[in-house]
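Labels run A, B, C and D following the written order; every chain starts at residue 1.
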Amino acid sequence: MGPAESVHLRFFVRRLAMLLVSLLVASFVIFAAIYLAPGNPIAALSGGRSLPPDSLHVLEARYHLDQPFIVQYWYWLSNAFHGNLGISITLRENVSDLIASRISTTAGLVLYSSILIIVIGVGLGILSGFKRGLLDTSTLVITAISASLPAFVAAIVLILVFAVQLQWFPSLGNGVGFIDQVRHLTLPAFALAVSSLAIVARVTRAAIREEARREHVQTAVSRGIPTAELIRRHVLRNAAIPITTISGITVASLIAVAAVVEVVFGLAGLGAYLVQSAQSKDLAVVQGISLLLVTTFVVMNVLVDVLYAVLDPRVSLGSRAQ
Amino acid sequence: MNRAEPAAGAPLLELEGVTVRLPVEGSMQAVLQDVSFAIRPGEALGLVGESGSGKSMTARAIDRLLPPGAAVTGRVRFGGRDVMTLSGADLKRFRGEVAMIFQDPRAHTNPVRRIGDFMTEALRTNARVPMDEAARRAVDLLASVGIEDGDRRLRQYPHELSGGLLQRVMIATALLTRPRLLLADEPTTALDVTTQAEVLAILDNLRSELSLAMLFITHNLELAAAICDRTVVMYAGQVVEVRESNRLHDQPLHPYTAALAAARPSIDATAHRLTAIPGRPLSAFEAPAEACAFTARCPYAADVCRERRPALVELDGGLTRCARARELFGRLEVELHA
Amino acid sequence: MSVAAGLATAAWRRYRAGRQRRTSPVLIASAAVIVLATFVAVAGPLLAPYNPDLPDLSQYFVGPTPDHLLGFDAQGRDVLSRLLVGARTSMLGPLAVTLMCMTLGSLLAVTAAWRGGIIDAFISSGLDILFAFPGILLAVLAAAVFGAGLLAPVLALSVAYTPYVARVLRGAALRERAQPYIAALEVQGASSVAICLRHLIPNMLHLIVAQATTLFGYAMVDLAAISFLGLGVQPPSADWGVMVSENQQGIIQGFPIPALAAGVCIVFVVIAFNLLGERLYERGEARR
Amino acid sequence: MPEPVLEVEGLRKEFGPRLAVDDVGFTIPQGGSLAIVGESGSGKTTVAKMIVGLERPTGGTIRACGRDRSTPARSTRERRRRGREVQIVFQDPYTSLDPRQTMEEAIDEVLRMHQGWQPKRRMERVRELSDMVGLDARQARALPRSLSGGQRQRVAIARALAAEPRVLILDESVAALDVSIQAQVLNLLADIRDETAISFVVISHDLAVVRQLTEQIVVMWRGRLVERGQTADVLDHPQADYTKLLRASVPKPGWKPQRRPAVATG
């Protein structure tokens, strides 16, 4: 193994350690927040009904409520680690099972959106980065507006136009079967993607412009490298670093915003369930879903970092791009 | 390689009245004014000037690297062919025959590509030389610029090399396509003096081995005089003097050249005060249209200097753009160093 | 998330820098929208022609009339009046988030950049950990724990946004701190507080203001989303996010104006803040 | 021999595992001038930073005007007193001025810090200083961005002089200037030495500049002193191998670039 590889390895190991610390702290915050929540945990567990004393003891023992805080946290965390996230008080079911039944909708929505963001956002950015003129100008104007469009406003506009007026897509529900599900997810995915897509397009465009101006591109020109090669090997390759980064970070943050879109379109996803549980104070569910979403978010951010380190040979030496 | 051979004794590169205008805040401003000079095959020509004098712009004009929107008039000929009208395969061949090295090698290498990729790129894409053959030639050339462990270097990234080393890689890379002219834009300015000496020695050796012509751009008059056969001095986008290098310090033709030499402190003698040039260097677009650009700072400025821009005239085997060149000839050196 | 955060910073800066300079009409228009929104937020209840909270089910989704320019909402309340009154909470929440984030973020950023070493490492890793929470998620969590309302989401968003702000500003402060003019002042014997207050912060003010402006836009979007989800401002209080939520059914039933009107208000204000932020940043950079 | 105004002894600086400065020592008499020459990585700028207190020495002592300054100043008063002992002018005139401050404001700020003067008295001093460095009233009221490189460096010099220091460190202060402007600034510095009793420490890689400005010289190589003496002597008859190499590498008419016998790659 050469020195460069070992530096790389050290970077990844350090990054992994940071990931674990972040997750530990995040899980602690999630647990502590619920623990500190006003109100009696027994009342929360019982859904507010009064219980006979021996039932109380059973509950206390089952949830280790008679133990110190830190021990309770430890039980919760190790259970969570084994896939046991407790029981929903409203549905009387395992939180893990409830999550499992809804996860595919959210995953599908986020995936669909990500594809839209990467294909349309990056594509549009590249086109307007290289070609000045009408396309570029209109991209700039449209993305300036859509970058400021909240997902739920985008959602109602899409419903109004494509579901109510044109009736191309359904406005509510999950659908049955793959094709129908995709059809049901189309408007939600666009609503979720629209502002991120605009930001990705703008960053891509700026990155292309910036990289094309670089002095090393001039060197390549002075050496007679053909334009197509120049764009591929120097402009696109180098712009891929910021483009990957912004795409990755944007996609990661979809996880949280998906909740809003799921609610508007009546999708049975994790986010909508989280909101519903928050409203009904079903805290075990809130804890479970929060933990899952935070973990996904943190892991995706780490993946962005790793991808960045792979794309940019300088990063492993600690000279992070500023 | 198929080269258009110029007639014997003809210049390799020839600039004739090259004027470059760039769009600055909506209007076109001249950055080069009527620049003419020639480089013979194998000759080293120095190009000296302060900031804004247009020396880098001259190199860019020759290599057709001007920013978009630039308007060029006048002629640049390389091997007898008009550079401005080259296109397609001819342009590609021209760029193979004219190599360029820059002041900041780090900015001029792609940070995400390995040295080997950078060095062999032109060979592989333009001359269709296979990768291993190109790599072998790169390692050979690295050895000739004093880098012995070429195989390892090819696998490294630019940020893993020091500035001096990277500049030597740049030189080796420039020579890889077997050029006939090297445009060197302040290639040693960012280096320490001992590294500079080393890099220049390498360049000097290779140049004579390959009978390579060179345009050496620098702000350092002594440096140009030391390593170039002839030197062009530029001021405010204009050529003000062309002179054999060994006579540049002893018998300058233009007051600006003389003043520039006198303004530098000497390493050999302590002077209490220097003969400074008053004012600051003008950029090309600040230069008056109907007067000598140096008038405001020139101790010899007379009415004749303010009436019109002087032409480049021949004097004592050199060229000078000074209206009073003849009467001042022989006096400049003595008086300014008094 | 050090690298990701750093990258977000770089990307953010690129996003700004990629904008081309345009003439000031955009700036003037943005400023006008913001001034108008602020005025309405302050004086809304006085401007409202009708009682915004008085339901009249007979007027369910009745369209615009000359007396009721935007018609009635799902509960038969005057939409225009609700928009005017709703401006207050819609603007106040983001304002609170922005003030808290900018104060905390600037303080942490300048402290970290100025002191360096262990203090910087401590602040930076603390921020990295906070970076693990997406803003909306933290707000939902806060609302679940402390109950729905404006306060919990505002606090949660402030906490969630601070790392982003502090990251960008720390980078700027580090660059500024490395400038020789700061070293010259240190050599003169100026105190750290004086250098920071009189030189370092003023020289990054354009970035701070630009950040604040953009942040306001983000906060507005996220708070409106929280209210839309029913975890923020509670009905029947008038709030733009709540209004979209309450009148969402109208979209499908063919009465889009009440929901759209509130949505349009949010979008206009957010666009104005985003554009203003960009222009201010560019101006600051151009002046250097 | 007059009282030394600056004494440096056994100075040492480690950056992690890297030894940047090792056992550097010299003294400068009142009104004297010393050059520290060397190439990048020689540690010369680190020495300057330690003298002005921007870096903390790992070992050794620094005394200015008889007072120790090897450890960070504890009080504001102490810090300001050190400011009146040693001042510095940096290489880059573009970044060594606050972009939001005019020359008048910059100098006024320094005067307020060091002297208990009334505004009128301060304004007079600002005018004196701008005269001294050759800037007119309009330039003194201009922001740095509308001044040229040479003018900015004059502002930086005036600001350093406003503290009326005993020692002025010039850290490559003319390296970034055009030749014709460099000569003007070198002449200005020569005049300042003539008119005041100030001592110069000139940090430079440019041997000709050093010869112009200093009487004494120390040559640094990889963090250590390899030669010291009278500037003219050392430049005319270098003793250390490194000084000889440095001397031989300076281009001048008739100079032939030489390859070093052993090529160090790295």
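For the reader, a short list of remarks on this structure follows.
Throughout what follows, contacts are C-beta pairs under 8 Å (C-beta built on N, C-alpha and C of every residue); 3 or more make two chains touch, one makes a residue touch a chain.
All of these numbers come straight from a predicted model, not from anything done at the bench.
Listed here as common contacts of chain A and chain D: B, C. If you tally contacting C-beta pairs for each pair of chains, A-C comes out on top. Separation between the centroids of chain B and chain C, computed from CA atoms only, is 53 Å.
Centre-to-centre spacing of chain A and chain C amounts to 21 Å, using the average Cα coordinate of each chain.
Centre-to-centre separation of chain B and chain D, using mean CA positions: 32 Å. Taken as a contact graph, the chains are arranged in a single closed ring, with each chain touching exactly two others. Interchain contacts (touch definition given at top) occur between A-B, A-C, B-D, C-D.
Of all the residues in chain B, the ones that touch chain D in their complex are 50-51, 146-149, 162, 165, 192-198, 200-202, 204-205, 219-223, 225-227, 245-246, 248-250, 259-260, 263-278, 280-281, 297. Chain contact summary for the complex, chain D toward chain B: residues 39-40, 148, 150, 178-184, 186-187, 190, 205, 207-209, 211-212, 231-232, 235-236, 245-260, 263, 265-266.
The touching residues of chain C, counted against chain D in their complex, run 179-181, 183-184, 186-191, 198-199, 202-203, 287-288. Of all residues in chain D, those touching chain C in their complex are 52-54, 73, 76, 79-84, 86-88, 90-92, 95-101, 109-110, 113-114, 145, 156, 159-160, 163. Against chain B, in their complex, chain A makes its touches with residues 4, 214-216, 218-226, 229, 233-234, 237-238, 241, 311-314, 317, 319.
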